[in-house]
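One structure is given below, encoded as structure tokens.
As written, the chain order gives the labels A, B, C and D, with residue 1 at the start of each chain.
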Amino acid sequence: MANKNRFSYLLEMEVRDYELDTEQIVNNANYLHYMEHTRHKFCEAAGVRFIDLHNDGIDAVVRKIEIEYHTSLRSGDHFISGLNLERKGPRFIFHQTIMRPDGEIVTTATITCVMIRDGKLSRGDEVAALFKAYL
Amino acid sequence: MANKNRFSYLLEMEVRDYELDTEQIVNNANYLHYMEHTRHKFCEAAGVRFIDLHNDGIDAVVRKIEIEYHTSLRSGDHFISGLNLERKGPRFIFHQTIMRPDGEIVTTATITCVMIRDGKLSRGDEVAALFKAYL
Amino acid sequence: MANKNRFSYLLEMEVRDYELDTEQIVNNANYLHYMEHTRHKFCEAAGVRFIDLHNDGIDAVVRKIEIEYHTSLRSGDHFISGLNLERKGPRFIFHQTIMRPDGEIVTTATITCVMIRDGKLSRGDEVAALFKAYL
Amino acid sequence: MANKNRFSYLLEMEVRDYELDTEQIVNNANYLHYMEHTRHKFCEAAGVRFIDLHNDGIDAVVRKIEIEYHTSLRSGDHFISGLNLERKGPRFIFHQTIMRPDGEIVTTATITCVMIRDGKLSRGDEVAALFKAYL
């Protein structure tokens, strides 16, 4: 069971039937979509929009994902997507958990992003400054 | 650089523009789609169709994915998706690599699947028997 | 401008960045996803779940879609998806509109579905009975 | 039955299992993806890349789609996607058909696109010039 209070950001979502596969469970790739949407909403809440970063020449790019699927989401399921952010040098590491409303863990992931400026790896200090309340 | 000869199965694919995101690179979740399609084509080549397994009461379910993104695919890119299969008890572990035609590595992943029969974890011996030429 | 009061069902949604394409607008196919999700939520509100119909041997299948794109949704946009249902013999015709919160029309569509039972076209009388409050 | 000879452009494709929904048929939105990919490959064959147009300030935008679903594609199906292009003033109208290898029609669509330059509707004469061999 996950403790919702330990997350910096929480987003309520629900399964859409087009996200299911023939096994009637959410397809594994769609959890990455749920988690990406959560990151972008978190960033928006922090005052940073990915598309603005892109248009300013900074691309946040995913470098590595470790994800464990503990149980499956099905048609009609509601869930909560929680997130914490950690910084290690140029790496922005998102610790993300998808859980049921009662806290049962569905999926946990560690997602490492880096900032690319003009095609080159950046330390991302200007982005980190925007997130300082969460680091 | 990856050596194409070391893979049990290879599939040639190309980027479709609807798989790109606003950064004009393939969205991270789509690599899981590429890799799933490769697993299913590999299984088909081995005489096993996922949908038949499902309709026979056996669901192959993804438990864990570790994926590293080394470089990005863009509009018009052609690529090769390679796969090896390893078995550890009930775990079917797919070692998957997406590379450019010259062997440059784009993405590498380790994807762990298990077999669920009638809602319970199965050792998957009947499935393993079908893959014995590749294990 | 659309009058929200004229719809049988309304659903509030928002754009997720993975739905955008390289033109930074929502990809045309994703509007069909939004509309499908709206139909399924409407059905759920009416007490009918698509997946239960399927598991009972009735598949609601899309036969025809006419969709006009008036303006484009972009990153961060919130929108309202409205729906009315009409029945013409075996055809269930969904009149669907996606609009901005102020009523500006984004997309309108007419989506014709039929019911397939055991592989054959059904009149769908049992399904229609469930929707009688909306027809 | 469709006559493959009457199309300006043909593309062979196959169903990927992640495109199926819980009814074990290809989800209706994915046909728009197949057709978009066909348009982009056709354009590429004609020497026009959508992403280059976008980066040059011209966005090809879908205005209207009429699509009929005659039969359903399922796991493992191979298909052929055919296309003809017609121009009516500023409208580029793609007549697209998805058929089985034996010519049985799966889906037919009429897809109307316009060219947007700097946010305004353009007649698209420069784009039409590139397609003159097909109009």
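In this text, a residue touches a chain if its C-beta (ideal position, glycine included) is under 8 Å from a C-beta of that chain, and two chains touch if they have at least 3 such contacts.
These numbers were taken from a predicted model, which means no experiment stands behind them.
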Maximum centroid distance from subunit D, chain identifier (CA atoms): A
Contact-richer chain pair [B-D vs B-C]: B-D
Distance between chain centroids, defined by C-alpha means - subunit B, subunit D (Å): 28
Distance from subunit B to subunit A - Cα centre to Cα centre, in angstrom: 23
Rounded Å distance, subunit B centre to subunit C centre (Cα mean): 33
Contacts with two or more other chains, residues of subunit B listed in rising order: 17-18, 20, 22, 24, 27, 29, 33, 36, 50-51, 75
Subunit A - residues contacting subunit B, complex: 22-23, 25, 27-30, 32-33, 36, 50-51, 54, 59, 61-69, 72
Residue ranges of subunit D touching subunit A (in the complex, touch as defined): 17-18, 20-22, 24, 27, 29, 75
Contact set on subunit D toward subunit B in their complex: 16-18, 20, 24, 33, 36-37, 40, 44, 49-51, 75-76
